[in-house]
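Sharing a structure with you now.
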Amino acid sequence: MVIRAVVWNEFLHEKENEVVRSVYPDGLHAAIAEGLALDPGISVGTATLEEPEHGLPAARLAATDVLVWWGHRAHGRVSDATVAAVAQRVHEGMGLIVLHSGHFSKIFIRLMGTPCSLRWREAGERERLWAINRSHPILAGLGDRIELPQEEMYGEPFLVPEPMETVLISWFEGGEVFRSGLTWQRGAGRIFYFRPGHETYPTYFDPTVRRVLRNAVRWANNPAAAWLDVAEAPNVPVGKAPEKLEVKGAGLHRPGEAGLR
Amino acid sequence: MVIRAVVWNEFLHEKENEVVRSVYPDGLHAAIAEGLALDPGISVGTATLEEPEHGLPAARLAATDVLVWWGHRAHGRVSDATVAAVAQRVHEGMGLIVLHSGHFSKIFIRLMGTPCSLRWREAGERERLWAINRSHPILAGLGDRIELPQEEMYGEPFLVPEPMETVLISWFEGGEVFRSGLTWQRGAGRIFYFRPGHETYPTYFDPTVRRVLRNAVRWANNPAAAWLDVAEAPNVPVGKAPEKLEVKGAGLHRPGEAGLR
Amino acid sequence: MVIRAVVWNEFLHEKENEVVRSVYPDGLHAAIAEGLALDPGISVGTATLEEPEHGLPAARLAATDVLVWWGHRAHGRVSDATVAAVAQRVHEGMGLIVLHSGHFSKIFIRLMGTPCSLRWREAGERERLWAINRSHPILAGLGDRIELPQEEMYGEPFLVPEPMETVLISWFEGGEVFRSGLTWQRGAGRIFYFRPGHETYPTYFDPTVRRVLRNAVRWANNPAAAWLDVAEAPNVPVGKAPEKLEVKGAGLHRPGEAGLR
Amino acid sequence: MVIRAVVWNEFLHEKENEVVRSVYPDGLHAAIAEGLALDPGISVGTATLEEPEHGLPAARLAATDVLVWWGHRAHGRVSDATVAAVAQRVHEGMGLIVLHSGHFSKIFIRLMGTPCSLRWREAGERERLWAINRSHPILAGLGDRIELPQEEMYGEPFLVPEPMETVLISWFEGGEVFRSGLTWQRGAGRIFYFRPGHETYPTYFDPTVRRVLRNAVRWANNPAAAWLDVAEAPNVPVGKAPEKLEVKGAGLHRPGEAGLR
């Protein structure tokens, strides 16, 4: 079964900033999607902020297996409705890959429950990402490290919950470190945060970075049927308890009444 | 140093429902606070939904070390501003203990990033909570299990992130199980979810339950100074990098410019 | 690529105990292997305690993707050399599925670093395993629970490290609970502990249990090349440091000298 | 209650190597113990390899709340009996702090279940340890980083299980990173690994490092009574099951018989 990936991009910098446009003339999403499409097992579409419903109407989300997210300067313009819909889909089983400045996106903060803050510096310095588990599926085909000649620096502390797995940790020329590849499980959905990808550097054309992203899409894909009622809290009436049971004492609810929330 | 605890209660059921009022005539918060006050190292206050700012104005939150939360039927009436302020305080280091139906509170869902859904049944059945680590500080002075003769059933799956520690797991007469004592770290703050405490049973008068809550307050207290800028993302200018660094390549930001978010 | 699974069984009870022989006339390993072989993507072999090198010589281990382990009364007869070789293979990337009384096997204790102790009762009571994440690959094709009419009881506390994922929790008729499906990552290898399978009950003929085991083999398989030097601690000489470096101060080792251990 | 700490040191280098002796004339253990003793709430003793039972007879271990471990060139000379006794005490609740080259000690490997391997270089380079959670008790009174002008390099991958908390991550001048402060829970015991402390540098005289170690001893101390039977697997006979139960089907054990292991 082909994995249906959608690359979401804010797509503002590329229209307004000459440096960014010169690196990503077709938008960051085009470069990211191009890298994913090298895997014949992945079908790739794109969506951007200024499309209706940010390009992510319900029907499309329902038909998306893995969503890749890049945003930076307009996190606040993503509607709360879209954030809620994406979060629900992740809980149902959709994979989510959050890139670089997406650390401050509404959807990432919503799913982490923490500030997702960090330190940063734009100096075009060298970044070296060290593999913590080189046999992790996300690092398939890569070696023990990834070198990027120029990147923005992100420094710890990175305010996220302890991850399921620390996959990569970055060394920066200027003296900082950063957990640059982290995984979490939220409901039925898998989440991967991947640090590199500042808009002024050609990071998403790098073959190694592209390999990480293809691997991550495969890793994040959950072939199970969507867990549609993942957020429901159904009553289990006494008559349907797994074990025979008699009601004791007074209750709040009448039989058949829905729960409060 | 005395730990400053505040017990927050919705305080609606007790005014409107005769069963609940007969069990908790002064409100659930009064019974919970009474149990905490048995520890001379804890000073206890209360706050309720219908007070101005739900009883939790900024100055009071800033002076709270551990917040205990009970709500059920009016989660939606808690203002988003209060939820944001409580979340910020947890990230800064305030402890949070979420009780029973508080699993669906805005603040718990906000901090977990998951639906926090479960199954339930109101039959006054027997609950037996098994200690997974009987030497955990939250279980100090207790044995290998806690028995409650009558409680509401909560059944798995409980849609929360993998905890830092599974402290207690419940067995229910009707055939279900539930992870009834779980811990998480979020920013500098510790969170404990404790399942028992349905409003129609005298659970918060139970000496064992009260001991758990006192232990939990002590466990959740972080004596470190509040991490006030935990959500900030400061720039580290090139001149202040830990290692000597020269800027390479083009950037997006001018020197001294604030980051985007 | 077909996954190469090996089912290891102590194979003593079946020769000596009439009850066990009547349930598993060909040995527990035969029943487990039969269940795995229903998946054409899995090739299955078996190995038993009394074979030379317990049926697990180095060449066979090197050609095994996932090892399934059942033992009970003769854990101490498994040689330390075999335990060390299996542990090394797990660290290199081989998957390991430990069944039931295998909780006290040398290899499981070796990989967990904890006592792996628990409480138990042999009363043929009912066990109900609840899915914590029904969309987990190990539970593919199953519903929200598994019911076994007769099983041995295992009760918490189960002295293992916090798992990567709690997949299943059991309810027992006699009043106990148990985390009956747990995952861990150790080096490049994935480990799954699955509780059911007492030798006096036909558990390994149960289609649902067999489905869990097939799923677990697929989940535990790591297609990455074996990480053969996973236990080595190579020196990185100054001349091969990623960054240019000058030696400062006195050292313990002469250039090129091997590390101590 | 005063916390009873014991600092264990191999104490071989200091007798045989002039560089080490010049830095630690009284042994590494003396310098570490001196730092701990600055906290009046900690009573400190020492133990070394060549003492009878390595200075850790059963009675002393039973009276130790937190054990600090430094070893390097003679891990293999620590007897298996002592390793087993220390592991049992950790499971019972004793805290354990493993320092630097102790990563390859038998006791650390025993408790981790992994190879505990890493990369290394002895070049006296600069190490900068970044706080991941600056409000963690182990970092009390420290800032956002620790700088050490000269240290041995340890590089990832560090083959340990995912920790409970990543407390510190190191940046090295030569280009590597390392998770240099990690915590785990094993049974009732807490474990902290702290990377710095190569024997040719005066690291254990550094006031900041000493503060970390004092904090770590306080953090690792578990005031609960020792869980003496943590490794036992008691039978729960049918007559003592929490719920009334009737035996069904055939069993392996006769009533009252001990379990197999």
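So that you can tell them apart, the chains are marked A, B, C and D in the order they are listed, and the count of residues begins at 1 in each.
The rule is simple: a residue touches a chain if its C-beta (ideal position, glycine included) is under 8 Å from a C-beta of that chain, and two chains touch if they have at least 3 such contacts.
Small disclaimer: the values here were computed from a predicted structure and weren't measured.
Each chain's centre was taken as the mean of its CA atoms, and the one lying most distant from chain C is B. Residues touching across the chain B-chain C interface largely coincide between the two copies, over half of the numbers being common to both. Centroid to centroid, with C-alpha atoms defining each point, chain B and chain D lie 31 Å apart. Measuring from the averaged C-alpha position of chain B to that of chain C gives a distance of 36 Å.
Separation between the centroids of chain A and chain B, computed from CA atoms only, is 27 Å.
Touching of two or more other chains is recorded for residues 128, 133-134, 155, 162, 164-165, 171, 175-176, 185, 187, 242 of chain A. On the chain B side of its complex with chain A, the touching residues are 13, 17, 19-20, 72-73, 75-76, 87, 91, 101, 104, 110-115, 117-125, 150, 153, 155, 159, 161-162, 164, 173-176, 184-187, 198-201, 230-238, 241-243, 245-253, 259-261. The touching residues of chain A, counted against chain C in their complex, run 93, 128, 133-137, 140, 145, 147, 164-165, 171, 185, 187-188, 222-225, 227, 242. By the touch criterion given at the top, residues 128, 130-134, 144, 155-158, 162, 164-166, 169-172, 175-177, 179 of chain C touch chain B in their complex.
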